[in-house]
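Heads up, there are several structures right after this.
Common to both upcoming complexes is chain A, partnered first by chain B, then by chain C.
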Partner chain A sequence: MNAPLTPPRRWDTQSQNRAARLGRAAAFARGRHVAAADARALLEAVLEPGDRVCLEGNNQKQADFLAKTLVSVDPARVHDLHMVQSVLALPEHIDVFERGIATKLDFSFSGPQGARLAKLVSAGRIDIGAIHTYLELFGRYFTDLTPRVSLIAAQAADAAGNLYTGPNTEDTPVIVEATAFKRGIVIAQVNEVVDTLPRIDIPADWVDFVIPAPTPAYVEPLFTRDPAQISEVQVLMAMMAIQGIYAEYGVQRLNHGIGFDTAAIELLLPTYGESLGLKGKICRHWALNPHPALIPAIEAGWVESVHSFGGELGMEAYTAARPDVFFTGPDGSMRSNRALCQAAGHYACDLFIGSTLQIDLAGNSSTATLGRIAGFGGAPNMGADARGRRHASPAWLKAGEQARAGSSRMPRGQKLVVQMVETFREHMAPAFVEQLDAWELAEQAGMPLPPVMIYGEDVTHILTEEGIANLLLCRTAGEREQAIRGVAGYTAVGLGRDRRAVENLRDRGVIRRPEDLGIDKRLASRDLLAAKSMKDLVRASGGLYDPPKRFRNW
Partner chain B sequence: MNAHRHSYYEAGARERLHGLLDAGSFRELLGPAERMTSPHLPPLDAPVAFDDGVVVGRGRLAGRSVLAGAQEGGFNGGAVGEVHGAKLTGLLERALDERPAAVLLLVESGGVRLHEANAGLIAVSEVMRAVLAVRSAGIPVLVLDGGQFGCFGGMGIVARCCDAIVISEEGRLGLSGPEVIETTCGVEEFDSRDRALVWRTVGGKHRYLLGEADVLVADDIGAFREAAIRLLDTVPDLSLDALDAEHGRLAARLERFGTCRDALDIWSALGIGQPARLPLLDTDEFLTATADRRA
Partner chain C sequence: METLRFEYLGGTPPAVQAPTLTGVVGSGNLEVLVEAAPGSGSCVIEITTAAVGFGHIWQAVIDDFHARHGLCDLRISVNDVGATPAVVSLRLDQAIETFLGDAA
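Moving on to the complex of A and B:
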C-alpha cells in the first residue's frame, strides 16, 4: 500500500492563531495593561480581516471608547469584520460599516440606530445575517457565531487584569465565556485601575488586555420613567391589569416591559393593590431591571426578590441597601446578568406584560416601523410561552386550563403574555391595524420573515383603556378577531367590530370592561400613584436613589 | 406618599376651588354656559374656551364669605386675555360692593396672552388697579400659587401687589420666565434647560426664603385651604410707612445678595447649613431647617 504521505491533522490551529495575535500585540502591552494612546495600534495588531468581533453594546452599558477606537483603525488593514453584538446603540456601531471596516452583522436590537441601519442595508453596505432575540444570539455565541475578538467594558480592573463589572454586568459574562474558552481575544476598557477590586466578576486569565478609557463607559438610564408623566388613562389601565389579570390569576413571578404603562402598575401596587388586599398574593418575584418606579412597592414590603438584566443609573446605593431583595455580591453591590435574567424571564415567570406599537387582528404585535430596522431585544423571550417549562404554578395552570377548556388536549400550563396599549398612540396613530407595517418592512429590507415582536399565538390578553380581551377563551380565529376589535375603541379596527359578537364575548367574560371588573373609571386618578414625581421616588427610597441629572428638578 | 392628599399642582381650576372652599359652597359667576369667549382668538384660528381660562365666583371659607378666581393653566397656560382679565377685574370690583372677608386669587399664568397684545396688557393693568382698590377698601386679597405653569409676567406683578402669597414648593413666581431670560440675556446668564437651576431660582422654596411668598405649604389642596383660612384676618396696609418699609427691605436685600450668582449662594449667606439639601426636603423638614433664616 502506497498511501500518500499527509501530515497529521493539527487540532490547535486556533491556539496558534491566538499566539500569533498576542505576539503581534506584545509591543503595546505591559502585562495585560495597554495605554489608551496605544488602543488603535493594539486593535490593528490583534484583528485580522474577516474576524467575527463582538463589540460590547448592551441595552445600557457601552464599550464606547473601544467603539471609537475600532472606527479609527485603518480599513486597509482591518476590514470585512463580522460584527456579532446584542445592541447597536452608538453611532460608532454603524460607523464601522460606513468606513468599510465591517461588512456583516448579526445582532438583536438596534433601537437608536434603526434608521441608519435600514439605510445602509438598502444601500448594500451591511449584510445582515439575522436579527435575534438576546438568548438566541447568546446561544449562537456558543455554536456558529463565536467571537474571535471581543471588545468589552468593565467598571474597574486590578493590576493582574481581573475585572469588576458591578451593577451593569449585563452581557459581559456571556461574551467573555464564549470568546475566552474558544481561544479568542478579550480586550476590556475600564473606567479605572485600582489596587483592590470590590469583587472579581471576570477573572484575569479570561482577559487578554485591559485599557483604561479616557472617560467612563456610557450607561443609558433606559428604565427610568418620571411618574409626573403618567396619565390618568395609564392609571386606569394599571388598575385593570392589577384587578383583571394579576389578582385574577394570582401572578407571583413576572417581568414588566419598559414604559409608562408598566411603571403605572408598579406605582399602584402599594396604593390600589393594597386596597384590594393583594399584598403577598401577587407580584412577589421579579425578573426586572432595578426600576425606580418599583421603589414604593419594595418599601411597602410587596417584593421578595428582583433579579436584573442590567443595572439602572442612580439605583446603585438603593440596591446595595436592599440585599434581601436584589442580587448583590459579597462587596454589597448589585450584579446583573442579561443571559441568566432572560432565562429566568422565559422559564420562571408566569407573566410578561409590555407595550407595543401595532397589533393585528390575530394578535400579532410588532414594534417595527417603516424605514427602521429596530430588532427585538429581549421581549420575544419574555413574551413567549415557554414550551420547555414543566413546573406548575397556579397562574400557569389556570391560563393553560382556560386555553384547553372543553377540548381533549393534553393538559399543561401556559404563560400569561399581556400586551398593554392605548388604542391610539401619539400623533393619533392607531395601535390596532389590519396589517402590520412589519410586512412591508420585511419586503423593503429583504427579510425572510416579517419582524414580529410577539406572535399572536403567544399573546393571552390585550389590555386597552376599553377593557381586557382574554384570548385564552377564544375558540376560533373569528372569535379572536372580534375580541381584539372589541377592545380597539375608535380605531378603524375597533369601529369594524360586529356589535352582537362583541356583546356576546362580553357576556362570556372574554371581553371585560372596567365596569365589569368593578372599577369605577372616575376613581382612576393620579392621586392613586404611590409617587407622582422623581422627588417622591427619592423620598420613598429614604434618599438612597440618586436620579440622573436630566430627571431632576433640584 | 399620603394617598389622601389631593395634589393642588395637578388639579384643574374648578377642582382647586371646590377643594379649597367649604364643601358645596362655590357658585360660579359667568360660567361656561354663558359662552363668554375671547374675540381675539378666532381671527387667528386659535381655539377658544367657554370660560376664557379663568373661573370666578363666590363661596365660603371656614364659614366666611369670600370671592375667588382661579386661572386654568390647561388653556393657553393661564395667559390673560381681554375677557379673562375682565372677569378677574369684575370679581375684584364686586368685592367693593359685597365686602367679602377676602378675595382669593388662585393664580396660574404665564402672563399676558400674546395673541391679544395690547388688550391683554390693558387687562392685566386693570386687574392690578382693582387689586389695589380692594385692598384700600380694607379687604385682603390673597394669592395661592401652586399650579403647573407657575405665576409669571403680568400676573407675577399682580401677585406681588396683593396682601399675601401662599406658595407650594411646586409653585413658581417671577416676572420673566426662565426661557424669556435665556432668550434675552443668553444661556450664560440663565440656562432654562437646567431644571435644577430653574426650580431653585423661581420655585416656591426660594420665593419663601426671600420673603416674596408669605407661607409655604405642601402640594395639597387641604394645606392651601388651611393657610388661606389663617390669612383671612390679614389687614391690608397701603400706608406710606408700609411702602417705605418695603422699599427699605428690598434695598437691603439687594445690598446683601446682589453679588450672588445662584440661589445656593443666597441660602449660604442666610446661614442655612448644607444648602444643597434644601430642594430635597419635604415641606415640614424644610420649614424646620430654615426657621428664622428667611431674608
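Moving on to the complex of A and C:
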C-alpha cells in the first residue's frame, strides 16, 4: 500500500515569482539601468494582473514620470491592480482607474483629486479598501498590504543603483523596505545619474531598476505660506494660542498643522512671544516640515530641533546651513522621513494644533465635505492622544490633571490637541455645525463610518477669534456643548448658546476671551508678524531661502 | 448689494470728535467711518454690504457691539466687501477705540 504522495510545500514561491518577473524585464535593462523610452515596456513586463502596487505619491514628492508611464500601459496586459499609496495628488493617480488598469485602492489623502475620486467611487469604478492615516497605511505595508511592485522617485542614482533621496526622502524608505524585503520589485525614477552620490539613502541591492526621468520629479511646495496673506484675526488667534495654551502649559515639543493660522503663530514667536518672556520656555522641539514661516523664530534662537516629514521646496540651502536645528546627513543636506516624523509627532509631542472645516457640538472635527473623498493624511495620528505614551512632561501632566480633577481615575497625562478655526470661513461657511457633512458623505460613498479627522474625545481645546474653550475642564456632555457654542461666534451654533451657562463657564475659566487673557485686541495687527512678506522671509534667512517662482511676488 | 440700518436709543455721548475712518475696502475686508452726531440721542449704524442675506448675523454682531460700548450721538457707516463677523467685530472695536482715543 502506497500513501498518496503530497509534494513538499515550497517556501520560496515569492522568490520564484520575482525571478520570473526579472527574467521578463531583462531585455529592457542594462544591469539596473533602464532608458526612459523603455519604461512602458518594463512595466508591462514586470507587472501582473491583480498586483498590489505602490506608486509613490507623497504629500510633496511625486513619482510623476512613472505615474504617466503606468497610465500608458496596455490594460489588456496590466489590469485589476490594487494601488496602495499614501497620497493621490496627480491626475494620473485617478487616470489608472479610469483606464481600467487598477480597480482597488487603499490610501491616506487625496486632497487635489478628492472630487474625481468621489465620482469614480459612486460609479463603481474604484473599490476603496480603506482610508488610513499615514502610519496606519505604512503599518499595513508590513502586514496585509505589502506592495508587490513599487514605483518610487529619487533625486539621483549612481551606476550601481544606489539612490540619493535627500531632503525629500519622505515615504521612500518605508515603501522600499516593505517591498524589497518581501521579494517585491522596486523601480525608481531619478532626476539624474551621477558618478558619486552625495550620500546613499537607499542601498542599490534594495532597488531593481533605475530610470532617468525626462523631467525632474514634481515637488509641491505644500507648506509655504505667504505672510502677506495673514489677516489680523489670525494674528489675534495666534496671540491667544501663545498666551492661553503654549505659555499656560509650557509646551516644549509640538507639531503645527498646515495653514495660515499656524503660520501666524510661528511668525509671532520672535515678537509677541519674546515680549511675554517665553523664549526658551516654549516651542523648542518640533515635528514639522521646514516651514519658511519658522525661519524668523529659528534665527532668533527659539528652536533647538526640527525633524521633518518631508522637504519644502526652496528650503534646501537654509536647512543645510542650520545643521544644529535640522536632521542632516554627512553630506550636509537634510533628510526627511514621513514614518519616523509621524511617530515623533504621535509619541513625543505634547501638542498638536491645526485647522479644520467643520466642528460639531461634541467637538468632532472633519475636513470631509460632500462630493469629495479626501482623507486626512497625518492629522488623525498627530491629533490623537497617544494612549501608549508613558513618559511624562509638565504639559502632558497638566492636561491629564485637568481632565481628571475631582475624580479617582488613575493619574496619567494627556496630549494637547487644539483645533484652531475662525467661526466663519470664506463665503460665510460656518465652521461650527450641528451635524458634520461626514455623516451624509459616509452614506453616499458607502463608508462603514463617518470620516472624522479628529474625534471629540481627543480634542482638548477649541480656539476661535471669540476665545478658547478648554474641553479638559468640562465635566458633562452638556457643559462641553455650551463651551463649544460659547466660542462659536455668530454661527447658528454660537447664536444657539445658553448665555448664562456660557458666562458661568467663563467664570470657571473653561472659556477664556482675549480680554480674560489680558490681550489688547488693538495690538492684533500685522505689525506683530516677524515677517510680513515672502521677501522678509528671504531676508530673515540671510538669503538662503529660495522661494519657488510663484511665491516671488517682488 | 444690500443696505442695512440699525438704530439704538440711549447711552453715553462721546466728547465731540473729528470723524475717523478705519479699515480698507477690499475682498474680505471693510471700512468703518465713525462720526459724531451731537444731540441725536441715538447710535445709528448703516451698513452697505456685498453679501446679501446675512441681516440676522449683522443684527447679532451690531447688538453685541452696542452692548460692549454703550455709546449714543454717533453715526457709523460700514462699507463691507464680504468680511466675516470676526473681521467686522474687530474693525468696529478698532474704529471706535481710534475715534475715542483721539480725544485723550
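A few notes on this one:
The rule is simple: the second predicted complex is superposed on the first by the 551 of 554 C-alpha atoms of A that agree within 3 Å, B and C clash if a C-alpha of one lies under 4 Å from a C-alpha of the other, contacts with A are read in each partner's own complex, and residues count from 1 in each chain.
Please note the rule applied: contacts are C-beta pairs under 8 Å (C-beta built on N, C-alpha and C of every residue); 3 or more make two chains touch, one makes a residue touch a chain.
As the structure is a computational prediction, the values presented were derived from the model and not from experiment.
Contacts of A:Phe309 after superposition on the shared chain: neither chain B nor chain C is touched. Of the two partner chains placed by superposition, A:Phe260 touches none, neither chain B nor chain C. Once the two complexes are laid over each other on the shared chain, residue contacts for A:Glu465 go to chain C alone; chain B is not touched.
Once the two complexes are laid over each other on the shared chain, residue contacts for A:Val233 go to chain C alone; chain B is not touched. By the touch criterion stated above, A:Phe424 is placed in contact with chain C alone, chain B being left untouched. Look at A:Arg526: by the touch rule set out above, it reaches chain B but stays clear of chain C. In the superposition on chain A, A:Phe97 makes contact with neither chain B nor chain C. Overlap of the chain B and chain C interfaces on chain A comprises no residues.
Contact residues on chain A toward chain B in their complex (touch as defined above): 271, 296, 526-528, 530-532, 535-536, 538-540, 543, 549-550, 552-554. Note for the complex: chain B touches chain A at residues 1, 3, 5-7, 10, 195-196, 198-200, 279-280, 282.
Interface of chain A with chain C (complex): residues 231-233, 236, 422-428, 464-466, 489-490, 495, 521-522, 524.
Taken in their complex, chain C has these residues touching chain A: 28, 51, 54, 57, 60-61, 82, 84-87, 89-90, 93-94, 97.
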